[in-house]
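Quick heads-up: structures coming right below.
Shared between the two complexes below is subunit A, which pairs with subunit B and subunit C, respectively.
Take a look at the complex of A and B:
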């Protein structure tokens, strides 16, 4: 038991929490934008998988993590394009298409990976950390929070950028109007379809990036179904955050701690069945839903395709 | 009417419709309509519900495209392809149904539509709004959330928005239906100022007096067709009464008089009868943007109609909801037949005979997707004989619903039709049937004729009179002073959540109520 409370252990636990939180954060921020604009994006799990696969492939062949993030984001956008076409432009059911995209991408990425790498799981070299001077010297906290890949800091900065976008910009107003009263946006002279398309594609890019981070930095390799529900956790985060990006961050960190705990407790060899430990993150979801679920508020037009002049 | 400055620009159409036809599945909404809209003119579009006014507006504002015919802008055939296009052409519309985002503030709603890369120009807007509101004579809470404003206040914001956008053609779709008499007069004066500056206005209403008072040119629509037009030359030659009777001739082809003017039958309310409803010092705490109620006291005797007059948003809805039990009161007592009910639940108050007809017919009044039949019994779900052991008794429901449909003259294709597909007037009939059903003793009507056409307005008013005649106590909340004067025995005036005075409905009631409404003692 002494291992549990040592400095090294704690700082590794928190480091792992951040690593686990970043894909959730990116997915949650993406889903939040999509939901704000009135599109319930259940396909986000599929977008993350596309991002994880293409991100890994990009990084594996180019040797550059950054190129991997780029291809990962592009993969997410590619899936989001399908979603935007079918659900925003044509107005098909967002839930059905979302589920179809997720299932489709699960199969497709597993298949492609199998063709390419057969049963081998090549690894990427460990990601370079950007060490923040001074702050990283603080005991426990320093190594846990200030020795991450640069993209981690960028993702956290994105939280505040999003907050600014929603509260202070015209685009933020447009997005919210598209989700709460699309007809009002339309008669104000803004194209609802375009606004929602922008939101869905941004979601795709963020989810793809999250997937790429998960594969390239978090795991260092791609395995089929690697996202393991991270996209769905992102949906939960977005719904509980009531439109506030900073709450997505808190939620992601909380889940990150749980996910990290599962690994850490197994490593520490605590005498609890692994199955119970692995339940932890999902138990946390349920507890959060019970505690905050009733406070979730969703846009009025969420999930409803917009058709001009429809009565 | 129009000054010489406007006659130089007048004479040429800003926008013209030529033979415009629009079909929806099952109906022809507009059938070969011609319309000419000129600068310096208030063009009134008159017509009952379903006459095709809204569709016409939809096409002018770019929401819908005509199936046949064409729209000319500045003399050139121009398909108006989108709302943005309409705005760019200078066509601003205030829609009948609110086009505001409820979760955003008033300021944010006014800013909606700016270039997306820009920061919203809040300061600029505030200055512009201050300038406009000072000429409009209205106050607008820029930082209040729209969802917290009353419907009337929301409408003011919409009018303001069209002004902010410098439209050269302003379309007002039933914009006066939520305004007070004073507000309507102010809007009329404002429209006059605007057309004198060369603006064109299309003003949609089904109030004949407004049409006669504010119009320069009147087009009458009936079942999608334009059945007549009174051009400005003729308009100026006639006095108000002559115009009204000419319009009535066009619309109904029968009566000549103002059909809304109904002689108030003298009812004898027995003064010695014990009040059915006694409200004493009722108070409700204010919320951020809704006024609270304070020291509301009144009695209503059997067979009596007590009116609540006042400018919209002064606590009318709060009063109705507090009485119905939908809003928590912070003090005071409410007695029904002498029994205190202020601690009872909504359902228990209803069972004891207190009924509330909401003004929000589709929102809290009905479940739009449910069939007409079920909507009659929404407040009795689970109760025998319509439900037994938790199971819906379709036969019982349909039998009773069919009776109610007949009795209340609900025009519905079938009992199974989702209630939202009915017109406003028929939805109101469903609500009337439900709330006036067996056991009613006190009925609260909140704006019972808002948004209804003439025929349904008259029918609803008759229904309310009949209710009182049956010996029920009626509380009638309305912003339509004519309505109150034509029906009530007494009228109380509400301002800032308090009753500022009660007036017997005698000959000088109009002026006394008016004085109370603008803050002078009766």
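Take a look at the complex of A and C:
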């Protein structure tokens, strides 16, 4: 057991936690923006899968991870475009379309993968890390937090950028109003449909990017259904965070640690079904909800399509 | 939260006054369902063409296996049994404005407890009593599983979408743990529960392979429909769904009703698991998760939470999934294409309903 808690093990565990947390963070931040603007985006799992597949294909054929991230984000946006068209512009039921998109992309990405790669699962080379000088020399914490791909730091910076956006900018206020009282926003002369469309497309880009990171950096390959519920975790994170980006970060890290622990236990050959460890983050959150559960502060108009002049 | 729960959903063909309009209404609805499905098949066919598969051959196999071959239609009808129970549970929840998205977790726990209890019970009890007991155990376990989200929603106002989603992740893992550790069949090498002998399973209908669970499922969804549309209890639930605040002012015990809704909804999901195991599968293998719930949720919406319409949509889902499995096998297309097909059908149906609604409005105006 001593080997389990060695320095190397701990920093590997934390490194894995960050890697596992980033897709959740990006999905959670994206979902948060949609929900703020009043769109419950259940299609986010599909957007992540589109991002994962296209991101992988982009990186695989171009040899550039950055191009992969770009195609991944574009894939997410493409799916989000359908969602924006159907749910925001003409106001179809968000849950029906969201689930339909998730199912469709699950099938479509698996299908495309089958026809593109048959049964082979080519791997990408390991992502090159950006080592932050000085900080990365700290024992345990250094190798765990400061030797990641550049996009990880950008994702964390995005958390604070989002916080600034929501608190300090006109667009942030518009988004909030689009979710809380869209009619008031409309009266103020701001296009609700447009505001919500911006939110949904941003969600698509972030979810796609998260999916691309998951496939290209996290796993290094694409397998069908690779997201395995990460999008739904993003929804949970966004709802728990009550509109605050920093809480999405904390939540993502909590889930990341548990996911990383699962892998570590398998590597260490400890004979507990991984299912038990996978239950830990959900148990922790449920216990927190039971102890401190208060009314979730969800936007008032969440899930309700906006129709001008409708009563 | 009340996301477009459409309290007017009860205003279906059933409430129409004269028989003539009813017939026209039904015809119209049939057209509005079959038309979009055809369009969806064409769109999906283009995808098949793009990947180099003959769509006509594919659909031919889907229809032959899912609908027209004797064995295929029997499998389709058998597949309907658990889906009907799940749909019934969702109708109760959605009409009462509660987003029970935890159906899969409740389903799996029901399935695992039924799989664990049935083989033991048939050894000590008469078979029919044993099966009833397993059904009850599955139902109660699923009900208990929904208790935490129900209490949190009823007394703390915690949003049930988060809690039921989390409970479904927890339930899926817990079901696996139970299969691997607690209820594992010691005589097999693969982790699975003890297998219920075929002769002890739910009887089959007449001379076919159709499970009698189909009748149970049909009964469940029709009873749920009638309770929701024709009884005072159903009306109370619909009021809670339409406007929880008004329900409080009307003197309804909203917390109690909330817990009742969750219990019924989850209980039916648990029964869905039991009927799949006791009727069809016989055991639960580790990591088995058919994720029926995800496909049934949009189907229930498209049926506007109407039980009879939901039966139709569940039948459609079953034809597509049984037929799709077979067509995929024969043409070398991965089975995942069924997901694409179901997705396109759902989207086109939703679109058709929108345009139909718009057309009616502009005609009235």
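Basically, the second predicted complex is superposed on the first by the 290 of 311 C-alpha atoms of A that agree within 3 Å, B and C clash if a C-alpha of one lies under 4 Å from a C-alpha of the other, contacts with A are read in each partner's own complex, and residues count from 1 in each chain.
Throughout what follows, contacts are C-beta pairs under 8 Å (C-beta built on N, C-alpha and C of every residue); 3 or more make two chains touch, one makes a residue touch a chain.
Please read all numbers here as calculations on a predicted model, not as lab measurements.
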- Query: So, does A:279 touch the first partner subunit B, the second partner subunit C, both, or neither?
  - Reply: second
- Can A:308 be said to touch subunit B (first), subunit C (second), both, or neither? first
- Task: Quick one: classify A:229 as touching subunit B (first), subunit C (second), both or neither.
- Result: second
- Message: Contact-wise, after the overlay, does A:96 reach subunit B, subunit C, both or neither (first, second, both, neither)?
- Response: second
- For A:184, is the partner it touches subunit B (first), subunit C (second), both, or none of the two (neither)? first
- Return first, second, both or neither, reflecting whether A:171 touches subunit B, subunit C, both chains, or no partner chain. first
- Item | subunit A: partner with more touched residues, subunit B or subunit C | C
- Note on the structure: Interface with subunit A, subunit C side, in the complex: residues 1, 3-4, 47, 51-52, 99, 148, 152, 156-159, 161-163, 165-167, 169-170, 173-174, 176-177, 180-181, 294-295, 297-298, 301-302, 333-334, 336-344, 346-347, 350-351, 354
- Message: Give the list of subunit A residues in touch with subunit C in this complex.
- Response: 40, 86, 90-97, 99-108, 110-112, 114-115, 224, 229, 232-233, 235-236, 239-240, 273, 275-276, 278-279, 282-283, 285-286, 289-290, 293-296, 298, 302-305
- Task: Provide the residue numbers of subunit B that touch subunit A in the complex, in ascending order.
- Result: 58, 61, 63-64, 82-84, 87-88, 93, 95, 98-104, 108-109, 111-120
- Query: What does subunit A use to touch subunit B in their complex?
  - Reply: 168-171, 173-174, 176-177, 180-181, 183-191, 299-300, 308-309
